[in-house]
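Multiple structures follow.
Shared chain: chain A. Partners: chain B in the first complex, chain C in the second.
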Partner chain A sequence: MSQSYNRGLVEDFGRWKEFTAGMWAWIFHKFTGWMLIGYLFTHIAVLSTAIGAAGDTAAIQAETDIYTTTIQGLEELFIVRVLEVGLLAVAVFHILNGLRLLMVDLGIGLEAQDKSFYASLILTGVITVASVPTFMKGVGF
Partner chain B sequence: MSTQQQEPETQEAPEDPEMKGAQSPQDRRLAEKESGAIDEESEKKAELEGETVHIKVFRYDPEVEGKQEPRFDDFHVPFEKGMTVLDAVIYARDEYDSSLTFRHSCRQAVCGSDAFFINGKQRLACKTQLSELEQPVRIEPLPHQEVVKDLVVDMGHFYDQMHAVEPYFQDEDTPEVSDLEEQHQSPENREKIKMSSRCIWCGACMSSCNIAAGDNQYLGPAAINKAYKFAMDDRESEEIKEHRLRILEQEHGVWRCQTQFSCTEVCPKDIPLTEHIQELKREAVKKNLKFW
Partner chain C sequence: MAERYSSFVPGGTAWLLQRITAAFLVVVLAFHFFQLHFVNHAADVTFQGTQARMSNVGYFLTMVLFLIAGAFHGLNGVYNALVNQGLDGTPKKVVLAVLTIAGVALVVQGTYVALAMAGWT
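Take a look at the complex of A and B:
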């Protein structure tokens, strides 16, 4: 008689120290993909305030309409600026690793799939750091 | 052979209650020996004789009362240069505990019967040098397969998946006997399928695959690789290749692969599994896009 010794999903992911590049790339790609979807909806919600602001030319000129005040209110917040840097990091990684996955799908350079993952990570880091002065302008930078 | 061997010690119960072994008569006896005579003396002897390797082996046997709860047993095996993990478990079985159960045969990475989960990775025990591993070396049965006893897992499902891709040459039109008695393959074509033909059915890849773990119907890397060997063989006709691709492009076929590369990472025969799966995906798309 055999019996299941099921170590289950929790244990699979509990072994994260033993993950190799391809597995990390997969996890990060899922994560960033869904973060981008999440951002998309938030983005739509914020932009939708423009509907309420439409038509009132005087308020728009005076920059007191609901859309302008919402955007300005958000951009004043330090945490929003930090989140923007995070969004850039997530998007850049998703794009770079997406290109890597495209190559993997085309069967190009599969021996170097781990190196291309590390390259995506490093490039993402560099671009993110380089973006900090721009995103943080006016809030301490 | 030295007569003074260290007795196996049972491991202190791990924190995980799942792993805690019930107290069996054997446990008790071992505990007595441990407290009494395992002693510095034999330990010193072992040191004098040379290094020992500390292995922790998964034990489980649904038919023995004291082993129904999975646990780990510790063995200290005298180390010799060039010793593999398989050598160590064989030693432990022959010298310490004859009930320790595992499959092995060729001892040279040919038969594929001794893939275990060693220090967190699927490896072929006979192909894994102890000197490369951190101690204690943790040896478990392959994950995602039912455990029959100790390190022995039920390979039935794996074999079912292998057979599902019809892993045999099936061309109706064998050449005229008068003409040719053999079906020759071009050297180029042989080269193309060379790596895929190295599979030894060890099941390491299937066990490492996160997708196969969650989807029991997924063909898995080994079976897809097996299908690759035949689909890419020029000697089979186009219709048979199409038939093969139809099997592979089903819902639980090639498209389940998420290119995590886990299988390629663990395959003891270095088969580029992901590469083969990806190529079959492209072949399947090409077949369906063909409008000319």
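Take a look at the complex of A and C:
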């Protein structure tokens, strides 16, 4: 039999001091979700340079087309690499916590939902730190 | 009887699609990151390399499906987050319309980009 809880207004972020693991997981999932959809629009905008590059075979061969120079120009910037590491952290957390949510939806391991949130956080940290050398290659590492 | 906390309607199409796209995105997003940051480095991306990948029909279809799933999952997520915050009435309808238009525009533009990358424009 289901139990009834009076949780108050969960969406009231002013109550953050009362939040438990599950609430933080919920907030982090929203926050990383907003970042990812925002990035998707930016990503398609940058990749749209491919439309202008297509067809100019000589420039494509010489790697001087607008798509190649735009991406390589961005990748030369230190701040872009830092943002990419940030994007990876955001995506990894959203993926791991998303898997946790699918388990919660299926009713699997409900009693360990707080522990699986902490595991998602730690694993995100480890994967992000381990990826730094790869992401920063050529800009100081 | 417990109160329901979620803005999703159990058994509803959007609720189910949010989870189906989630399962798909977990796999493809991980693949996408691995493919373009570890197998190939983003700094080494060229139009030629992109075209070699995108002109493979299986890769092209996966990327277009990835875009559609990502756009739906992201914008449906934004919509539900706003409904959770108390969005209701006419503003709710306006937000839904704006997000739908933005999503369709994103998918159309992204598909056109993928066609250009493949050399099929």
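By our rule, the second predicted complex is superposed on the first by the 129 of 141 C-alpha atoms of A that agree within 3 Å, B and C clash if a C-alpha of one lies under 4 Å from a C-alpha of the other, contacts with A are read in each partner's own complex, and residues count from 1 in each chain.
Everything below uses one rule, namely that contacts are C-beta pairs under 8 Å (C-beta built on N, C-alpha and C of every residue); 3 or more make two chains touch, one makes a residue touch a chain.
Remember, it's a predicted structure, so these values are computed and weren't measured experimentally.
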item	value
Partner with the higher number of touched chain A residues, chain C or chain B	C
Which superposed partner A:F41 touches (first chain B, second chain C, both, neither)	second
Which of chain B and chain C A:A54 touches, first, second, both or neither	second
Touched partner set for A:D105, first chain B, second chain C, both or neither	both
First, second, both or neither for A:T20, with chain B first and chain C second	first
Which of chain B and chain C A:Q113 touches, first, second, both or neither	first
First (chain B), second (chain C), both or neither touched by A:K137	second
On chain A, positions contacted by chain B and by chain C	2-5, 7, 11, 101, 105
Parts of chain C lying in touch with chain A, wherever the complex brings them together	1-3, 5, 19, 22-23, 25-26, 29-30, 33, 37-38, 41-43, 45-48, 50-51, 67, 70-71, 74-75, 77-78, 81, 84-86, 102, 106, 109-110, 112-113, 116-117, 119, 121
Of chain A, residues touching chain B in the complex	1-5, 7, 9, 11-12, 15, 17-18, 20-23, 25-26, 101, 104-107, 110-111, 113-114
Touching residues (chain side chain B, partner chain A) in the complex	60, 62-63, 70, 120-121, 141, 143-144, 146-148, 153-154, 210, 213-214, 258-262, 264-265, 272, 274-275, 278-279, 281-282
Chain A residues within the chain C interface of the complex	2-5, 7, 10-11, 30, 33-34, 36-37, 40-41, 44, 47-48, 50-51, 53-55, 60-61, 63, 65, 67-68, 71-72, 75-76, 84, 88, 91, 95, 98-99, 101-102, 105, 131, 134-135, 137-138
